[in-house]
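A quick write-up on the structure given underneath.
Note that the chains are named A, B, C, D, E and F in the order they appear, and that numbering of residues resets to 1 at the start of each chain.
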Amino acid sequence: MKRLIEKANALTESLPYIKKFYGKTFVIKYGGAAQVKEELKAPFASDIVLLNLIGIRTVIVHGGGPKISDTMKRMGKEPVFVHGQRITDEETMDIVEMVLGGLVNKEIVALINNHGGKAVGLSGKDGNLILAKKKMLKRSTGSDDESIDIGLVGEVDQVCPDLLYALERENFIPVISPIGAGLHGETFNVNADDVAASVAAAVKAEKFILLTDVAGVNNKKGEIIATVHKKDIKKLIDEEVVSGGMIPKVQACRRALDGGVSKAHIVDGRVPHCLLLEIFTDQGIGTEIVE
Amino acid sequence: MKRLIEKANALTESLPYIKKFYGKTFVIKYGGAAQVKEELKAPFASDIVLLNLIGIRTVIVHGGGPKISDTMKRMGKEPVFVHGQRITDEETMDIVEMVLGGLVNKEIVALINNHGGKAVGLSGKDGNLILAKKKMLKRSTGSDDESIDIGLVGEVDQVCPDLLYALERENFIPVISPIGAGLHGETFNVNADDVAASVAAAVKAEKFILLTDVAGVNNKKGEIIATVHKKDIKKLIDEEVVSGGMIPKVQACRRALDGGVSKAHIVDGRVPHCLLLEIFTDQGIGTEIVE
Amino acid sequence: MKRLIEKANALTESLPYIKKFYGKTFVIKYGGAAQVKEELKAPFASDIVLLNLIGIRTVIVHGGGPKISDTMKRMGKEPVFVHGQRITDEETMDIVEMVLGGLVNKEIVALINNHGGKAVGLSGKDGNLILAKKKMLKRSTGSDDESIDIGLVGEVDQVCPDLLYALERENFIPVISPIGAGLHGETFNVNADDVAASVAAAVKAEKFILLTDVAGVNNKKGEIIATVHKKDIKKLIDEEVVSGGMIPKVQACRRALDGGVSKAHIVDGRVPHCLLLEIFTDQGIGTEIVE
Amino acid sequence: MKRLIEKANALTESLPYIKKFYGKTFVIKYGGAAQVKEELKAPFASDIVLLNLIGIRTVIVHGGGPKISDTMKRMGKEPVFVHGQRITDEETMDIVEMVLGGLVNKEIVALINNHGGKAVGLSGKDGNLILAKKKMLKRSTGSDDESIDIGLVGEVDQVCPDLLYALERENFIPVISPIGAGLHGETFNVNADDVAASVAAAVKAEKFILLTDVAGVNNKKGEIIATVHKKDIKKLIDEEVVSGGMIPKVQACRRALDGGVSKAHIVDGRVPHCLLLEIFTDQGIGTEIVE
Amino acid sequence: MKRLIEKANALTESLPYIKKFYGKTFVIKYGGAAQVKEELKAPFASDIVLLNLIGIRTVIVHGGGPKISDTMKRMGKEPVFVHGQRITDEETMDIVEMVLGGLVNKEIVALINNHGGKAVGLSGKDGNLILAKKKMLKRSTGSDDESIDIGLVGEVDQVCPDLLYALERENFIPVISPIGAGLHGETFNVNADDVAASVAAAVKAEKFILLTDVAGVNNKKGEIIATVHKKDIKKLIDEEVVSGGMIPKVQACRRALDGGVSKAHIVDGRVPHCLLLEIFTDQGIGTEIVE
Amino acid sequence: MKRLIEKANALTESLPYIKKFYGKTFVIKYGGAAQVKEELKAPFASDIVLLNLIGIRTVIVHGGGPKISDTMKRMGKEPVFVHGQRITDEETMDIVEMVLGGLVNKEIVALINNHGGKAVGLSGKDGNLILAKKKMLKRSTGSDDESIDIGLVGEVDQVCPDLLYALERENFIPVISPIGAGLHGETFNVNADDVAASVAAAVKAEKFILLTDVAGVNNKKGEIIATVHKKDIKKLIDEEVVSGGMIPKVQACRRALDGGVSKAHIVDGRVPHCLLLEIFTDQGIGTEIVE
């Protein structure tokens, strides 16, 4: 009975958050440990189904890095990276599309559906959801900037959210692969954080939540910074508080805020039910990026 | 953090119930300690608001016995009861209507609204919601049945749920006083359990929940009976397992089931958050009456 | 046959008014003789039902003064007034709410429903319809203004007309008690003319009609003034053409006009069918207040 | 003032009829004196506009006999009738269509619109509203039946009321010429009473009202028979109570009743406001034909 | 089989035009040879039905000149023209209305319906579609302008397109006679090109297409000018490139463009399927008038 | 100009078919040469876009055989077939899903979108569109039937068309991979013809069109049989008129008809614009299977 009452209390404490977020849209970048570790999959799926049932609309954008390289190797092709970006020739692009759109995307769809949701997998080609254009890699070399062609790597040019709205009207949960459609029929490999940030901006999401494999943005003492204001991002990067792989994540958050998203969150995907913990508590977990 | 994870687990465990009851209507008879004791009011109101936010539609029917007698005495009128039924002359009826419709009903409305809900108080006259007809008291006296006139006491003749639907469409929460409108302009004092059971049948409620001041239906050893089947009710009454004030409550449940309600519940209103405990656990609390 | 033809002519003469007011909303302050005298009740109810059938939406706000004092006395409490305002302690507020919301409101609802309408009784608490705040009585005393605390007397802070719209969509006729909901859970006794004027402004009513016990605003010769322009109200009060109890009525009309109502009318509620006479004739009856 | 109160009473007495017919459809055959005499035109138009404003939907079917013959003569063509039916060759049909569809129909449309309605003129060709087939004239000659070809005279084969519904949805008032569209592109001259009865049946009208130049069906003493039951029609014809031009009118009423119309009325169109008199009184005027 | 493949190719080549015009409205002035010559009627009707099926909404405005004079003569009335305008007394107006609204309009309706469309014939009186005012003929005479009264000839004052929208919602095809309703109950004879241009402007048509009996606007060498820019119209008239009967046609096109129509076309109605040829080819046929 | 007129004629001849199929749904099995040969891709895509623009709703189900085996080989896995069915272990299933859902599906989506359509790629997992169950291979061996486990090969258990309806409402064109979702989270490789037939039955398609690499069903003389009646299928198989790979195709057609589809067609996908030829001609091409 005590257990039951604690449960009732937990529900009651959630009430203000449910009221606050009712009918709002959250765009969630799903990746890292949360996507890969078996024991984290069920909590993620059940969180998503729960959020949808209590009136929060979710859009999921996933990545899929390691599986792509594995498959390339199995097909006798060595992955090559320049400055962290995958050199993407046509054959590589085919493999990226097969793995992301065919395997990873549908696995997430099935995972959510097996927990009682109604997920629908999409790539950026579907309904021209993500229009992309070729991205050149910029590299500073002494006096000049050098532009490197890294193949079919794209950046988001435009998001056409009509398909998302059509699905949401019928309570389907969109799950998006970061594949972009070029204007001339090309297929582009687009960074998943970028796709997620652009989608969040296009649908004017209430929250943009990035699941990562770190506890948040740390200050120099190693403590999590609870809140970062947009205007301070540049300073934090200059001071190398934000550095390495955290830089593009923080920049994706900034772009989402620029596009009209209310709040962005860098959340530790290694914690089970991290979505609920972020959403249903005042302090949240991880780092929030706000105006 | 441990506290947070327990909270997330509590939400997660609620998921199957939220899924099960999404979009369903629960009719709740609100009365007894839950309605009177200060410390039970806030949990009730917060439960109602929570249920509505997660997609469960609620209709509340309340009683209000003690306050009626208090007011009668203050106005110099002695309450008279025959077989537990209040003799209701016109002046008494006016007091019943004033207390139930004016004071008690609006107190509940304000309580829910102060917790963030959108409650609307109604009596059976509003939109001809509860049409009632005069009820005669039957008393067995030796060989014959005797019929006693107890004044403006009525029983439900017909429920016109259009007003409830109009309010639900806009997410208002109806709170109903057990006052019935007679066909010839009379006002009738109707038993609140009966009104609640009739409303539950009229809207084909998923659950009819009776908040009482007992832990449920007890067997002869004093243990709670978890489930009573409709067909066994007569036997339980004959064997005096169900007796006294529990008899009309069980009969109201039976009428609700006869009218198409899926399940009826006799729940201990003295337990804070008893609604959540009943709805979000498999065992529930109290006694359920089923087909 | 002559009788029939006169009837047809009467209908025909009404045509321009029916065309003019089709789909418009009238807010009617119901009180005084019209509300109390038995022989005036049926004509009022039948007028309301007729107006609704020919496409005019009505919202009724009622008062209920004498009944409140009667009930207070029966409960051993002496009514106290300061400058015409009822000193309202908590106990008095309970009685006000009981009498207005429980008895008077539901009597009007039943009256209209028995004439074939679909009335629904509301207080300002329902759906947070009338949010009110405490009103202090101002009294000029020689050099200074004095502020007197008269208890739970409130003034309208905000009207939330969503509930009215939800009811109108389904052709229900709202009947409102002048009870206001405070922001901190208080209940306020609010002047019915003020509530009616505020509701009229909130729904941008075509007409605000005040039923009173006088024939209209008289000039110094005792003749009714057919039309008063808003800009002249101050002068009429300064010259004591408008005086005594007529002052707050004219001021309520002014507030309604300020809030966007097209016309306000002070109408003699003692005349049977005064609503029809006002609405279906060019000259109208009583005094109209216009921009 | 007395005049005003009589007017209010007239409106009040209309209330039960307005309630009864709200949202119902009346099909009115407009012809005879009501259509031709100048002083009867305005009352007819104002009645139609009034009925529509108080929620009664009207469909008007008109005739136009004399004007057709006039125009024929002006164009040097002698009208020929056999057993009361106009022999209709192609040239005659053109004149019929010109006069009915071009002149008479649009005059009625303008008349109603000038009184504030929104009339739309139609012929049976518009939206294939009235599909007709050739009608042969049957004549008994001693031992045999003879079939006479009277040209492009048709009878109603099918009514497609979709166009009427599209117009009613937007509160337009359909005014129909009795021209039928043949399946093979022919144009047919159809009896207006027949078209009106068929339209009334197709839209399941509440009332079918035939405006005529007589006071109703008379009994042998010359008194109006208030009510004729459908089953008695044959007997009344056999006994020559119903005779001459009244026979096809009574038969059109019978067909309307057979098709599901609630009541048919033969009304004296020479009385100003005869529509209001029929609809807003219990006794009505003229003769009603009922099941 | 070769025939079939050519057919498939024709459909395929139409695809870009179908995409481009999907859901757009075209207003078509129907007149001249296309309306009169038997062999051109069926292609016109089938074009109209086809356009509607592939999602192009059409509104047709027709003329009817020769038939009016014929009928006048048959009725012993000599047509009189001043500067190309028909002197229209009341009797003439009746004939105009009979011929246009009764005969010509319904013939076109039947023609389209027999090809599978759902046409509905309208005059400007129906639903007050075309409000017109009296037009005076201006004539320069040496030093002064002279104003000549030519009777019931009108010009468009206002178009009320509500009726067109009501019909289009249900996929009916409006066919309009150029008859205008005066504000004081008059009937006006209005130039059909003017009515068509005004309707095109009122519904913000994508195209305004004038079917004429010439191949287009010719330059001085007798070649068709494919495109005329609005700003050049005055110069073309001054240089007498555009002259005679072509002047009012070009001016109607200009008015349509001024009113917001995207493109106007002067098309050779003598070519079978001229509508399809204009719409489904890049070069079109005839002359287009553009901004 | 002659070319243009032929084009107009082609459009005109299509009119009856456009009328007939307006608003109907066609399910198309896309495969074989039509899917693989470069020069057939554009005609297919343009046909699909055209059909959708003229009001025919299409659902496409595709196969993808050769690409699967190619990819398997590149990944060092030898494809194994038993009785024409691919032995599908988990690793093979992953490859099937990658190739079909990731590569082939999205290529078709992009092809259609580049022709101006709004295609959306789906697998049977999306929105639980295709629920499948394990299929055992039956093999007759002398006296007994032998059941062979061929791994994750499934057959359609249930189609949930809600997702298709949600997409069609917004004019998206669904493109489905033949992947089935098992009830216990499995992924099944399902025959594309079977999926297409089941989807056609679920949406009560007007036509089920199978694009194949043959000209149709041949009789023993090698001539195409234009029409096969469902009742004759068994006989045709027994007589080996229908044999080999044609048997499952004809059986898929039969299942579609059993499920309520109006007509099934086996069409030669090697002919450019075969869809238009089938739909817009009376004789059609290939073989139709009818009740």
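Just so we're on the same page, contacts are C-beta pairs under 8 Å (C-beta built on N, C-alpha and C of every residue); 3 or more make two chains touch, one makes a residue touch a chain.
All figures in this text were calculated on a predicted structure; none of them were measured in a lab.
Steps from subunit C to subunit F, minimised over paths through touching chains, total 3. For the pair subunit A and subunit F, the distance between mean C-alpha positions equals 35 Å.
Each chain gets a centre from the mean of its Cα atoms; for subunit A and subunit B, those two points are 47 Å apart.
Centre to centre, using the average C-alpha position, subunit C and subunit E are separated by 57 Å.
Subunit A has no residue in contact with two or more other chains.
Contacts between chains close into a ring here, every chain touching precisely two others.
Order of chains around the touching ring, counted from subunit C in the direction of subunit D, is C, D, E, F, A, B.
By the touch criterion given at the top, residues 71, 74-76, 94, 97-103, 105-106, 109-110, 113-114, 118-123, 125-128, 162-163, 166-167, 169-170, 172, 179, 181, 185, 187 of subunit D touch subunit E in their complex. On the subunit D side of its complex with subunit C, the touching residues are 4-15, 18-19, 22, 43, 46-47, 49-50, 53-55, 116, 272-273, 276-277, 280-281, 285.
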